[in-house]
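Could you have a look at this structure, given as structure tokens, before my questions?
We call the chains A, B, C, D and E, going by the order they appear; numbering starts again at 1 in every chain.
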């Protein structure tokens, strides 16, 4: 069994950093806050590596199968006997891998931020938020209970909100953080209802029990669940779809991706951490976590997952080809790559060779974390140097930023899938899985793969080649010193070498070992396409020319649509502003003030009106009073003599 | 544990407030509020201790005195988990209310007197086991509210105060009728525990239930009888709003549950669907209406309508989990909304505006207040780790237990509000605290003073405490809720 | 003879007081300032004596009857009169005819005592007149004011008219039953149409004095026109005595017609509450406001009376005790304000709180009690009335009553609002409050708070019979 | 025509009663209103005497009642006239329509 | 059969009702008073006819000698002579007539339908001595208490009248 204390420390150290810096940051360590947080993160990362080592190599597997284990769990909130939210640590291959990824990337970002964020006023707050984010993400990956996932899922959302909005006095940052939160929140609604459905069907919230109950054919729960359906779709499928919607929101899948490009308003290291390496893969992780349910109980939904992933991958790739803000290009590339992971899950089956997609997705998640973080951090160095995000303002930086240049190139090669860099291996497995299961998706993936290579090198050449960058300001600080270079180098090593890890030995859909091998003949086509993409990019962007403009003009409409992100943002704005805000919201507010409140006030007005109407009764004439008197007597007498005996 | 001390202590405080002069007043009120909190905590401890020791009586620490012999009316007090939680809530909010009013200058003595009276009413209400006494304490709180709004309020205060008093009075009129109906059908007794043992014919229950539920519903701002809420809150002084939303609206919810649902289970079954529809409407409609508000207080008032809808939804679902959730929501919303109003008050004291559009960038000048605003906003939109999440999730899970399309639809509609909530909360929080500083004068503002910090931290601590470790509160509430729902289930 | 002394003790004391005052008046030369305290003390003594040496029994062949309950009712009336002597001291001292005022008032009180003790329709009628005619004269005591004369005129004419109707009813009762004695009438009643007619005639006179809709129209005008002291006497003492005797008459004398008068009471109670409240809603003059509010209160009393049970009796007596305190306090403050600041309109009360905290709180307390809001006694009073009335299971009836409490709260709050909330550039200056007035208000305030919370009082009333 | 008896007298008294009432409703002069009221009271007296005579001759209740009514009527009239005269002094009119300041 | 007694009765009835009717309708105030007087005397006549001499005497003494005189004095005090009484609005008259008619019809119908237990009315007529004894009797059938009450009432009325009617001239300040 893994050591509970160590796992707890991995999770709690970032939380401690958050609390320490959040509550006392300003007064205790205004300057040194970053160092403290980084040290804590370092410990956490080391412990994570240690745990991984222990899990994979010391406890090992029994009969080649890595088992899930829950070293610690408490009942956090009991709903009724049998259903409760439990908080615990679920240790299995994917959570251990994620532990490593999250802590490692987070550590890199911490270190990098020491340099990048130097001179920012609210440094302790920044590191506190990083700590909070890391804590949430770790809680998410270790969750033993689907509700625990949801809890940390939300916390991840809020820390991303805080980090995107870190430059809170920039209106665009404020808008972006709101957008990110609300869009993912919308998706979370689906997740929540999905959880409710699952909990009702399985009568538990613990992953292991839940999966066990819902995947065992003939179990009571499955039978019961089968009796419920809505609109012709079984309850379980609804649950799975809704949970996937939650994942799609976090993972920026089409059409819930609109927040991701805007989220680049946050500090660049944050983008690296959250929007490249960790948070956005939460959706993938969630599907992977519930993979048996998807694969066994609701294979139809898995198809949807696959298609959503594929569509997202290609749409994002197309858009990425036209964007000029380097962070946005990277953002769309992230979306595209996550689409890869998603459809890899979608084209997988449960168990054995058929589960290759699953392994590939996790593998790609791992490698992608390395090179995407590297890309973002590299972009950060560039932005740090240029103080601008726009590709057009850059060029020829390979001399000024040599280390950045090299590492960035490695990352580009990795993402483009050029052997022997990490991306090649993982992407190869994904393509293989797609090829085996769904040819349509395979072809989409191939095209996307080519496009990936193209837009990455478009980015690379625009930054580091082309017309040399003019030095506008006197103040230059090169590559930002050791703290900024170190993460680049470490990540570059990862991006270059991670592909050689025999991932199938550790992570498979059913826990048993999976041997994967690279087939040269199969790899020719994708690698060729990638090289073609690189070549076109070289032709268009290596030297400053009007070729890009001409190409853009020649495909006209498509280019424009892609440049405007296929107008998806506009559709959203229409729905939210016009329909929800101005339509329903204003209607509700008006209805409340005018109709509901109006009715209440009307009661008062009516009473007063009646009161005014009958005032003539009190005429001041004593004879009139006597007349009423007599009339009263007569009426009463008649009533009680003749009518109401 | 003598429960009467919960009534006597505020009474003593109120009298002392009247007797002392000038600057002493607020210190006396403060001391009183602290003692109340201590008492409430002591009650909680003693209660848990008793339960842990295996005392399984439905109500603990009972005391009974016959007051009006001929009509069989007496003071009967006792607490279960629900009451304990509500008493704690009351003491917390009232202490915070005293603190945020520290700088009040107009008629200080009267202000604190009325505030203490309000707390007194709430304590009495929550510990009463006699309908008559319960009603007495419920009514006690109406006039202090009226005066607090009318004298220390802002804006259209007279109108709002009037509306509040009249609508609440209307509610109590209905309660009164229902109460008398119970009295006559249940053997001339107002005692909740003995009424509960009386067999009340189903059609009588159907007749009486609407009176009681709607009556208490007015207090808890049940749609469509919520219109006193926006006006009342927006006009009330800060502490007044805190009390109104934090405690008074809970009186209604507690009454709905303890009186209407508990005593009339058949009636509850009969009308459950209507309650569910109304509260689902309230949740969504309140949320949408909130989205359009420009005044922070109106915003929080409408969001209260929406949030309180969760309580009523939970009650309407009639399952143990949902009812527990409803109670959690009552506690959570009480703390959260009190804090929200406190923050709005602090902002208003400084910027002299409550319009969202006129603020901006306050995080820079008022970091503490803004941070609290963030926290309360996150609580409102149901962020895990804060109390709102726990309550809403419990309601959802409980609501999901009843498996037919109607209950499902209502639950989903209610759940959908978490998105709308996120929209309006973020909009408000972001517009006030983020972005560039809108007004040059804001740059000279001073952040929260010690009393404000204390008040805010008190409530934040409670919110976070419940959010992080909801188990103890849920365990406190669940057995009591179970007794109520078991009656409905006919167990 | 001994029996006469104990049973008629209260009446005899009053008679002695009357003659004392008569001699004082004839003797002249005593200044109001000197006389008033003496009178106050005498009235206080009268009140205190009311608690001792009470017997039970009948005198004069059943024409006079007393019991512990009746003695208590008399005490309530004595208390009210004592409070009048305290609260309206300012006006009384200025009055040219103070001894006569007290003489007439005590005579009227004597009439009421005899009325609630009466065991015979003749005695009832005579004592009713004894309690009415002097008050009509009192209503005219602001001799120079036309409004006072007008009020008095309306009162004497209306009440004479009502006496006429009453007498016609009594004559028919006499014709149909051959007796005037309360004890003998029930045996002769069989619900024949003539008896019903006679009962309606008779009842209308009660309704008139209690100002039950539609027999109420005189009340507001007279209350407004009269000096406030007389308004207080009329709206509190006179109504209370009438309610007491109405209970006796309905519960004992017309018991066989119970089904008829129950329905009649329900009908009239609702009409009274609604109309009284609706009229009160629009009033600007505070006396007139209280006039209509007192009409609405009577509606509630009828609710209690309709129960026809011991609880009904107890709740009515209890409510009346509370009503004495509440209405007296309210009118007392109104009198002080009117006397010193000349303000009788609600608008004139704006900002009263600024300079006159004591008066404002007294008024507020009284108003809350009238509105039936806890912790004031009015809450308990109203609640017991409704509880008594609800015994028959007429929920809609109780609902109407309860809803009326909302309307009444509205106009009571108007006054509260004027006092506490409305801004006024020239609020009423500090009003020098005499000690007697202060004492009166303190007594009322204490009563308003304690009578409700101390359950013993209600329990005590329930033991009376 | 038949032998006059109880019902004849009752008819007279009832008619007189409502005549008085009619007068009370329609006369505008306060004194004449008072006169109408005297008619009302007298009709009642007539009732009492008739009942005493024809229905309950053994007792004297009706007789005494009538006697006391006469006394009371005198007192009532005296006070009423005093009030009317005072009103006249204040207002120089005893038209009832001129005395309606207090209303609504 | 018409005998003298019957004729006398009908004449008295005519006098009473006619006097009453004219009294409430004539527009001359003095005539109204005189008609009232006629009516009251008619009633006294009926009392005589019923052999209640004592009450008839009281009727004449108090009413004719007292109240009517009081009324006439008050007319002198308050009325400009010779003027006709002002007319009442027609609407009021119509409504009053209607109400009065309904009331009369209702009452008379009930009275006629009711069977009064008619006793033998030829018992010995009440003597003044009987009345006197009863008047001051304190036992069953005694009227001492009402007598005292009336005396108090008269006292109070006296005081009230004195205060109101004999007020000193208002000080002209």
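Quick notes on this structure:
Note that in this section contacts are C-beta pairs under 8 Å (C-beta built on N, C-alpha and C of every residue); 3 or more make two chains touch, one makes a residue touch a chain.
Just so you know, these numbers come straight off a predicted model, no measurement behind them.
Fewest steps needed to get from subunit A to subunit E, stepping only to touching chains, is 1.
The chains in contact with subunit B and with subunit C alike are A.
Using CA-based centroids throughout, the chain positioned farthest away from subunit E is A. The chain pair D-E and the chain pair A-D differ in C-beta contact count, and the higher one is D-E.
If each chain is reduced to the centroid of its CA atoms, subunit B and subunit E end up 70 Å from each other. The distance from the centre of subunit C to the centre of subunit D, with each centre set as the mean of the Cα atoms, comes to 27 Å.
Here the CA centre of subunit C is 31 Å from the CA centre of subunit E. Between subunit A and subunit B the centroid-to-centroid distance comes to 36 Å (mean Cα coordinates, whole Å). For subunit B, residues touching at least two other chains, in rising order: 166.
Contacts with at least two other chains are made by residues 122, 126, 129, 133, 136-137, 140, 143-144, 152-154, 157, 161, 172, 175, 178, 193, 197, 220-221, 282, 410 of subunit C. Listed for subunit A are residues 604, 615, 618, 620, 622-624, 626-627, 630-631, 633, 637, 641, each touching two or more other chains.
Pairwise chain contacts in this structure: A-B, A-C, A-D, A-E, B-C, C-D, C-E, D-E. Interface of subunit B with subunit C (complex): residues 66-71, 73, 132, 136-137, 139-140, 142-143, 146-147, 150-151, 157-158, 161-162, 165-166, 169-170, 173-174, 176-177, 180-181, 183-184, 207, 211. By the touch rule above, subunit A contacts subunit B in their complex via residues 75-80, 83, 85, 147, 150-152, 154-155, 158, 161, 165, 168-169, 171, 173-174, 177-178, 181-182, 185-186, 188-189, 192-193, 196-197, 199-200, 228, 230, 580-581, 584-589, 591-592, 596-597, 599-600, 604.
Residues 15, 18, 22, 25, 59-64, 96-97, 100, 103-104, 107-108, 110-111, 114, 122-123, 126-127, 129-130, 133-134, 136-138, 140-141, 143-144, 152, 172, 175-176, 178, 192-194, 197 of subunit C are the ones touching subunit E in the complex. Across the interface of their complex, subunit C is touched by residues 106-107, 110-111, 113-114, 116-117, 138-146, 149-150, 152-153, 155-157, 159-164, 167-168, 170 of subunit E. Residue ranges on subunit E touching subunit D, taken from their complex, read 1-2, 5-6, 9-10, 13, 16-17, 20-21, 23-25, 29, 32-33, 36, 39-40, 43, 46-47, 50-52, 55, 58-59, 62-63, 66-67, 70-71, 74-75, 77-79, 85-88, 92-93, 96-97, 99-101, 103-104, 107-108, 111-112, 116-121, 123, 126, 130-131, 134-135, 141, 143, 146, 150, 153-154, 157-158, 160-161, 164-165, 167.
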